[in-house]
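Letters A, B and C mark the chains as written, and numbering starts fresh at 1 in each.
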Amino acid sequence: MIKTCLSNVRKTVPLVHNITNYVTVNDVANALLACGGSPIMSDDEEDVEDITSICGGLNINIGTLNKNTIPSMFKAGKKANELGHVVLLDPVGAGASKLRTNTALKLVEEIKFDVIRGNISEIKTIAFGSQTTKGVDADVADAVTEDNLDKTIDYLKKLSADTGSIIAVTGAIDLVCDSNSCYVIRNGRPEMGKITGTGCQLSAVITAFVVANPDNKLEAAAAAVITMGLAGEIGFDNMQPGDGNSTYRNRIIDAIYNMDEETLSNGAKYEIR
Amino acid sequence: MIKTCLSNVRKTVPLVHNITNYVTVNDVANALLACGGSPIMSDDEEDVEDITSICGGLNINIGTLNKNTIPSMFKAGKKANELGHVVLLDPVGAGASKLRTNTALKLVEEIKFDVIRGNISEIKTIAFGSQTTKGVDADVADAVTEDNLDKTIDYLKKLSADTGSIIAVTGAIDLVCDSNSCYVIRNGRPEMGKITGTGCQLSAVITAFVVANPDNKLEAAAAAVITMGLAGEIGFDNMQPGDGNSTYRNRIIDAIYNMDEETLSNGAKYEIR
Amino acid sequence: MIKTCLSNVRKTVPLVHNITNYVTVNDVANALLACGGSPIMSDDEEDVEDITSICGGLNINIGTLNKNTIPSMFKAGKKANELGHVVLLDPVGAGASKLRTNTALKLVEEIKFDVIRGNISEIKTIAFGSQTTKGVDADVADAVTEDNLDKTIDYLKKLSADTGSIIAVTGAIDLVCDSNSCYVIRNGRPEMGKITGTGCQLSAVITAFVVANPDNKLEAAAAAVITMGLAGEIGFDNMQPGDGNSTYRNRIIDAIYNMDEETLSNGAKYEIR
């Protein structure tokens, strides 16, 4: 059950190694602490294997990738694979530059990811570079809507089969798929897009949830997405006159911190297709 | 009109590429979102040309410059110039170290900046290194006051003529000049100096305003400075007992987020000289 | 007196050079401003000597150390020693990876630190690598408790004698020792561990306090620890329903900002052993 996935994070306090961008890194750390995990950041080539070895999961986010951190991503990812640790990829900006696209594709080629999380455009960039789904791309729209939902779900299931990764696409509707099932999640608020880093936070939180629920990875990833979306709703409800996106940022992390099993169960809006 | 400049940002959602310091980068991103723009951060030499090409403006901030990011600043700046994109320089700490001073001067030499924004000491460092104004430096005080206002304005107009850039100096009184006109702006609060990064945020916000108002760059830069200063006043008015500089930081960004045309028009305190 | 140490920071506004991690750097800057200091961040090898020369103190934090910033730490530290400036080491993660352990130990070997601040596990890693205390390690527990307090204090006094540094260990009980005396501090809240970076903030604040109180370094370091712990208590008392770790973060920095002599005197909970 969704709520058990959260409880397991709180009980086991999964340590997550983050190689992430410097824009949203502080919020990523506080979001991990809020959900019950524990963050470590380390991105030097000489440091990442040791650090990833003592963690339960690895969150690779290419938001401000550079020539020093790219090799670290590969080293850490391979070490985490070797140790059987959970690994997540957040391909920030894949499709926006050659370096981002090529790095994301090479990461997917050389590392086995438990989860790949991005917006639909980043995920399509990944899919386009992978063999099976190449060419299907033209059929999938740039935003997930009720109208194109079935087609998009089919597409993501194929991508999941192709990559062996759970695929999490976030947007107006969130989709969390493996090759068989797809959680269609309708939590969240459009105003979350006015804050930098809710996606980055979510990727770290998903990593913690999957580490804490090793026998139930798809549901754990979906539970993390629901937790974040619901926190966005609760945080928004707590907004006072004069509050804007900066205070909203705090209130979302606060809502993750205060999320309990009952609130999560009652507030979750999803179906499985 | 000042308020139209804000509306144009909200209407066009300018995408701004930031090569900026890691101290204040999160607030820079949230301030850009608050004013109606959209942020991208990218600082690897191999990435910056692609990223700057898809943006409307480029904000270069040397606050934590290093041997990897300095070449990226030049590459991105030249690409932005080539494409006719808006480019802004924030020469953080110019005058405080040889590396900062030399990098700032070389950037001004090799890249055409639409706007250069700094405190009076950073701007004097830039001016001292530029040909026309060299030697005039001794005449200009280290803080802009009512007493030295006319002399400072003359100095900045000459610097603008020399560099071809709008010069924005922020402090107790803010000045935004081209070679002909100077906006003298008296919005803002001294307590803003107790928060890290209000200057960095402003530079990014100016970039967004200038991108959104291509035919009216001077007024757009002034409108951004007024917006930030007024947000500082509104944020301060919203402070509760026990609030300090960390909450004030949030309230300023919130006030940018909630700024509307009428509030901006009514609150703007400026004259043109 | 403890409260005079704070007043001296407010009066002299010490400029602190930080070579620190990108996770918590913004909070470090705002915490320094809150206590009355002034922050500069600079980590390029070519920049650090100039910057540290214009500052009163240097705060070295290895939280996201890398091959570019490690040489900068040594260069800045040696320059600061040469100039007789205050230098602090925060050996984040020492013991967790070879790179972190070796870098911390080499820093302690080559640079004279006025203060080394960490949790007990990081401090034990430092101690284990230093000659005198090697072997004593096994006797010291992994958390400071009332039961092992005397033994831990003896251990830290020896480490202080060995390194010539004030040793500050933070945890449920905070200890600030030189070779003769130890401040045993019981301020703070366990919830501070649910926020990223309170330790990093404290290291920067200690640096400012020691710079501002050159004739009273041990008491100054203790005063900084008390200020931070008490701010944690005040910030917690100001929490409202729905607030979580993100808002708590702001409230702690706010409480540092609003700390006055009387509040500090009345709230300080410490003894000297």
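Note that a residue touches a chain if its C-beta (ideal position, glycine included) is under 8 Å from a C-beta of that chain, and two chains touch if they have at least 3 such contacts.
The structure presented is a predicted model; accordingly, all values stated were derived computationally and were not measured.
Engineer: Hey, how far apart are subunit A and subunit C in touch steps, shortest way?
Structural biologist: Contact-graph shortest path, subunit A to subunit C, evaluates to 1.
Engineer: Rounding to the nearest 5 degrees, give the angle of the rotation that lays the CA atoms of subunit B over those of subunit C.
Structural biologist: 120
Engineer: For the copies subunit A and subunit B, give the interface type as same if over half of its residue numbers appear on both sides, and as different if under half do.
Structural biologist: different
Engineer: Quick one: report the Å distance separating subunit A from subunit B, using the average Cα coordinate of each chain.
Structural biologist: Result: the chain centres lie 34 Å from each other.
Engineer: Which parts of subunit A, given as residue numbers and ranges, touch two or more other chains?
Structural biologist: 22, 26-27, 68, 249-250
Engineer: Could you pull out which subunit B residues touch subunit C in their complex?
Structural biologist: 21-24, 26-27, 63-68, 93, 96-100, 194-197, 242-247, 249-250
Engineer: List the residues on subunit A that touch subunit C in their complex, please.
Structural biologist: That would be residues 22, 25-27, 29-30, 33-34, 39-47, 50-51, 54, 68, 234, 238, 249-258 of subunit A.
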